[in-house]
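Listed next: structures, encoded as structure tokens.
You will see two complexes here that share chain A, one where it goes with chain B and one where it goes with chain C.
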Partner chain A sequence: MAASSTVTAQAPARGLRAFLSKNTNIVTFVVLALALGALTGGRAFGLDSIQNLLIAESVRAFAALGVGMIIITRGIDLSIGYVVCLVASVSASFAQTPDYAAALYAGKDFVILVPIAAGLMTGALCGLVNGLLVAYGKLPAFIATLGTLSIARGLQLIYTKAAVVGSLKQPFKNISQGSLGPVPYLAIYVAFAAFVVWVLLRHTRRGTNFYAIGGNPVAARVSGINVERELVMVYLYAGVLYGIAGVLQAGRLGLANALTANGMELDAIAAVTVGGVSQTGGVGTMGGMIVGVLTLGIINYGMTYLGVDSYYQLLMKGVIIIVAVFMDMNKNARR
Partner chain B sequence: MPNDTASGYVLEMLGISKSFPGVQALNDVTLKVRPGTVHALMGENGAGKSTLMKCLFGIYREDSGDIVLKGAKVKFHSAKDALVSGVSMIHQELLNVPDRSVRENVWLGREPMRSFGPLRFLDHRKMHEDTAALMKSLDMEIDPADRMGGLSISKQQACEIAKAVSYDASVVVMDEPSSSLTETETEHLFRIIRDLRSRGVAVIYISHKMSEIFQIADEVSVMRDGRMVGTYAASELDEDGLIRLMVGRDTTDRFPPVASVPGEVRLEVRGLTAANPRSFRDVSFDLRRGEILGIGGLVGAQRTELVEALFGLREVASGEILVDGGLVRVRSPRDAISHGLGLITEDRRGSGIFPLLSVTVNTSVASLGRYLGKARLLEHRRIESEAAKLNEALRTKTPSMGTQIQNLSGGNQQKVLVSRWLMTLPDILIMDEPTRGIDVGAKYEIYTIMAELARNGKSIIMVSSEMPELLGMSHRIMVLCAGRHTGTLEGKQATQENIMRLATQFV
Partner chain C sequence: MKRMSILALALVVLAAGSLIGCQSKSSKPVIGALIRNLDEQFVADYAANVKVLAEKAGVELKLLDSRSDQATQLDQLNTLLSQGVKYFVIVPNQTEATEQMAQAIAKKKGGAAFSNIQPSVAALKVGKNFFLASSPESVAGQIQAQIIDDYFQKNPKKLGANKTINALMLLGQLGHPAQKYRTDAVLQGLKDKGYTVNVVAQDTANWKPDEAQQKMDAWIAAFKGKFNIVITNNDGMALGAVESLLTAKYVDDPKDLTKDTDGDGTVLKVPVLGVDATQVALKSMSENKLYATVLQDSVGQSSTAFELALAMAQGKYKAGFEAWGLKPETTPGDEAPANDAAVIGQCYLVPFKAVTKDNYKEFVK
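Coming up: the complex of A and B.
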């Protein structure tokens, strides 16, 4: 609006500096990457290494995109790890080689679509339950998803009888393990999912509604937004993303068991928080979520590369979440 | 212990001034209260009564002036601080712990303790006995072991008063204490107040209820526009005289001319009754094209509840709403918006703005459905240009359309909210306290916008607690009292005195 002298009294700061000061998450990522490069004399960034980083972080990225949207609506989801675990187990159970004697459905040969559909539906169902509990049951998201966490865990153990679901068919594993030239399939799926999330958040009415609900739920209602329906939808979308994560995780590892994806909620929440999705609600972007995943990924990868004990890595992750939230609270402190 | 100070006053607030950005809330206010009297503090909404009391209790820090208690200068930092010095407040909304017993509530924060070696434990027996003795001395029939939340409002209030007495209170402030009491309960409250008075306690009684004032008060102080009009013996006043003191001022030139001529009926409300029995009941009115209908009343008149019910935010038990002659059901704001209604709520921060979102989003959030293009994706360019055009027309001052709305002044935030509702193309705009908390210049601009909208055929319902605003901007003024529609004033009948009379009809 060039003519609006009242509306545009002063131009907002532009240029690289403004961009960087607004996107501290990208700066953090670049600084960490450079530091790791310098520490290892560039060896940490061979093609293999980058491929490994992408593969390792891809599954997590789906979870992060899901919970990132939920946090934008001022919610939270603690059930991710066991939901992904349940999905992976259900999906894997339909992808076992038919001649494998210990298979859950021994002797049955399902087409490749069955494990995929079963996984996605399991994820969607878990998300739907979370959404209904939060939106219509009016439970705090923290408690509702803590409940589904335990339910998913129980179901997984009941369904698999606490056994490993292994011996998966190669075509199923290829979905996760293949690559297009040097680019792993997983990275392509993530790119596609990220694009869809970007369109949703940036270019649809529902996306704007998510930000509005997170920014001020009462005002959102007054503005005619169906808050309950939108909340169900955000948890449902997240569930579908966890579904994808579970199917891919099963294929990537070639099995599923009770330990699959354990603690993934921590990784995902940490990643989006580092990526600038605020716990106050109403703040965050797809780009931020992905940058957050890569930042945590490079920290993990760097520490592994430098030979830091994995116990210390766990400790670091906790510290990073606390520091990121602390900085975020100061930045977005209201008033 | 009457007259225990040389001055003959137990509490003196001398020359208190307090300003907020753009508002002089208190201007050199002096209030002197004698021990053993009931001192009524009167004034319209916004006259400065609550601000004055907040200064007394240290919730606000006064810019200048002194507070003298029993001859000594004091400065309280919190309500607790004041309580310990013998000044306590009985709030309109009770501030107790409903799930704990009466005795625990009375002794909260200073529970009697019993030592057991190096350890200290609550002394439940002493707590119980002391509370029982206290209740007996006050002639209150309340079991100290009862759960606080299980008692009637009136008994809970009595507990608060007992607690004040237990702190050896010399001044007790009561803010609209009878607002949720029945007649018999109010009678009981008055007995307690008279008992306090006979013990030498000074009671500062804040109420809008004329009849009560003349029943219970010894002295009356009247505030208006942040100033003290004066202190009078209750015996030398009558109801009309008191109303004149409360409202007496002129209203010239603070409002633009409202030139529109109301046309046909757009909105008709018949016998609307809230699901909540304590809220409004049997309210009927109509609203015409190009009309500004003011809704006046005191705090607790249920004005906000009424308009929120019209907008689908509160449940309705019975009654009909007709838009352009057709019966409509409004069960959610979405329904209301689809029938051409818009609502600017009274609480801008709480239910209006999205503080961290941009001016554009704040403007367009309620109308996105009309800006969906291919594949139902948002047409950002059209949204941005329409939002900018509306804000430009209302002269919203913002660095850019992408600026977070929290960085704008109150007046400019309000203009963005008006833009939000104009973008939904409403026929009927409900504005609840449209100029609350914004400075004088911005107020005039909002008034101008309202007059302009009415001229363009929009209908406006304006809820306001400011008399001059009601009188200056409304074609008609509908007055509510305790949830009932007590009358609608028009033309020469629309005077401050008449509004006040209708607003206090049942109290």
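Coming up: the complex of A and C.
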């Protein structure tokens, strides 16, 4: 909010209009934030409220960064929710207190690195499978990831025998629940991941390739890009991000079970879409993804704060996503 | 066009907010209700009763639905805490998450009563202001086992050789606490009563009648004559199974679907059991279709929890407080958290009730 107001103050009128029409996602976010502020007389923006918002949206942000990159390459990933669920369960199973009788590995005390590594590897593996199916199996991403969704769900239930993986060690939980002064660790991790994604998309050959493939896969291939390899990589990167999301979610809740992160794919896809990542491929930025996450976050948070019935919350979220895509289509049609 | 859309968006939000969110700044006591998922019949009944009680008591109620997502519930709790709400009734998503919620509430010197899903012992140990106001899920399974035992005592011919029960089992959403605890408890209960339980087939039908009916159609074709009972985790699925059995004419008298010729209390060849005692289920029982169900007392649980939260909000709570006519337990039982002497005074156990031919009329509204 602060950043955008400095820009608007300095820019001349025409620049302002150009900025606004180019950045509808930021405008939407600011309008919503102001609306909420006005409705609550500013009370909704106390320090603990902002902390709550950051904590609530952090895990989703990793998923959004992952699927955002995939959508830039004209793909899609429906498996996110259950992959994060599987990751959280695997990770949590190595972080249970050794004296907990119902632990999956009762009596075993793993060092804290084990649950983290296990989670990241599980996420990466799921991403790799998705990537191979899409790139070399030539399956439509929609179908391939629908398949892995079900496989991940099945594996989660088999692995946990449908039980809750709870009683996690405090040091593991602290990874997610701690904070540096007033800043939650979760927000710091997101900032770091967002920076890496920004560098990847903006300043590496691979990032450029992602945009090229999404913009026009045929042209990308003709210009010498190894499209298959790049697609595998984008799903793999996304898998690693889901891995981080899963580990952090387990730590944050202090548990994982079959319901953890269910439906996260819709939140993540909705967020990046609202943030201006186009379903037609080749369009989108890291900043947009994060703004999208925050926009949906402030809608969720605001409606909870105002005590709006949760059924209306779902309805509103749907309306906002449709409006966002509508605006996006208009913008891209004009170009 | 674009700016119009944004405007429209902002207006919708504003309108919704001011319509539904108008908060009166009164000195009324405020109670937060964190509700797992209003799509479940029991939870919806629970929430409805909390609303009625809040209205009657002149309490400002902030009721939020987490749609089965523990992360959402945690966010909602934090939001309410930051608004200054201190006392809560909670239908949690998972036992394992209750300690963390209790700690967050205790930081603001508040309190909470947990229903439906039991809080952990550790959650109750967070402070004396945290309560169990519930009927543990496994009790529903135990009561099902009791009803099944009664059935086979009365109809020993229906039992397989060596006291074998050949069961078809329709389960709720896999991993859901009610699915797990109800299922485990009914099987364990039957074993404890000396039966050999052979699960002929089991699968999830996600609490839904239509999915249950589909599964059952396939099973009747595959296992005709090989099962002697259908056990389900809720009434919705039980009724789906009943429909399927009726359609397949798997009944006492295929010529007259209303005749209970063998006098076992159901027109179906095998008894079907549910949990919840919904009104449709009771109707089905009155027609001798569904055999029996178990009432989880939504009014009892919500009233107990609400009275505890209200007493705390009004500063009237003392150890041994009587909520909804229930006194806290005094001697530790078998099930957590009411098995720990340190927190037993914080445990209010609302009884489950077997709903059978003998008493179902009491529950018809």
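Everything that follows uses one rule, which is that the second predicted complex is superposed on the first by the 316 of 335 C-alpha atoms of A that agree within 3 Å, B and C clash if a C-alpha of one lies under 4 Å from a C-alpha of the other, contacts with A are read in each partner's own complex, and residues count from 1 in each chain.
Quick note on the criterion: a contact is a pair of C-beta atoms (placed from the backbone, for glycine too) under 8 Å apart; a residue touches a chain by one contact, two chains touch by 3 or more.
Predicted, not measured: the structure shown is a model, and the values here were computed from it.
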item	value
Touched partner set for A:249, first chain B, second chain C, both or neither	second
Which of chain B and chain C A:35 touches, first, second, both or neither	second
More chain A residues in contact - chain B or chain C	C
Contacts of A:205 with chain B and chain C, given as first, second, both or neither	first
Residues on chain A engaged by chain C in the complex (per definition of touch)	21, 24, 27-28, 31-32, 35-36, 38-39, 43, 46, 48-49, 52, 55-56, 59, 157, 160, 162-164, 166-167, 249, 252-255, 257-263, 299-312, 316, 319-320, 323, 326-327, 330-331
In the complex with chain A, residue positions of chain C that touch it	1-2, 5-6, 8-10, 12-14, 16-18, 20-21, 23, 38, 62, 64-71, 74-76, 78-79, 81-83, 93-97, 99-100, 173-177, 179-180
Residue numbers on chain B that touch chain A, as the complex places them	311, 313, 332-334, 336-337, 343, 345, 350-357, 361, 365-366, 368-369, 372, 376-378, 380, 384-385, 388-389, 391-392, 395-403, 406, 420, 424
List of chain A residues in touch with chain B within their complex	1, 3-4, 6-12, 199, 203-205, 208-209, 211-212, 215-216, 218-226, 278, 280, 282-283, 332, 334
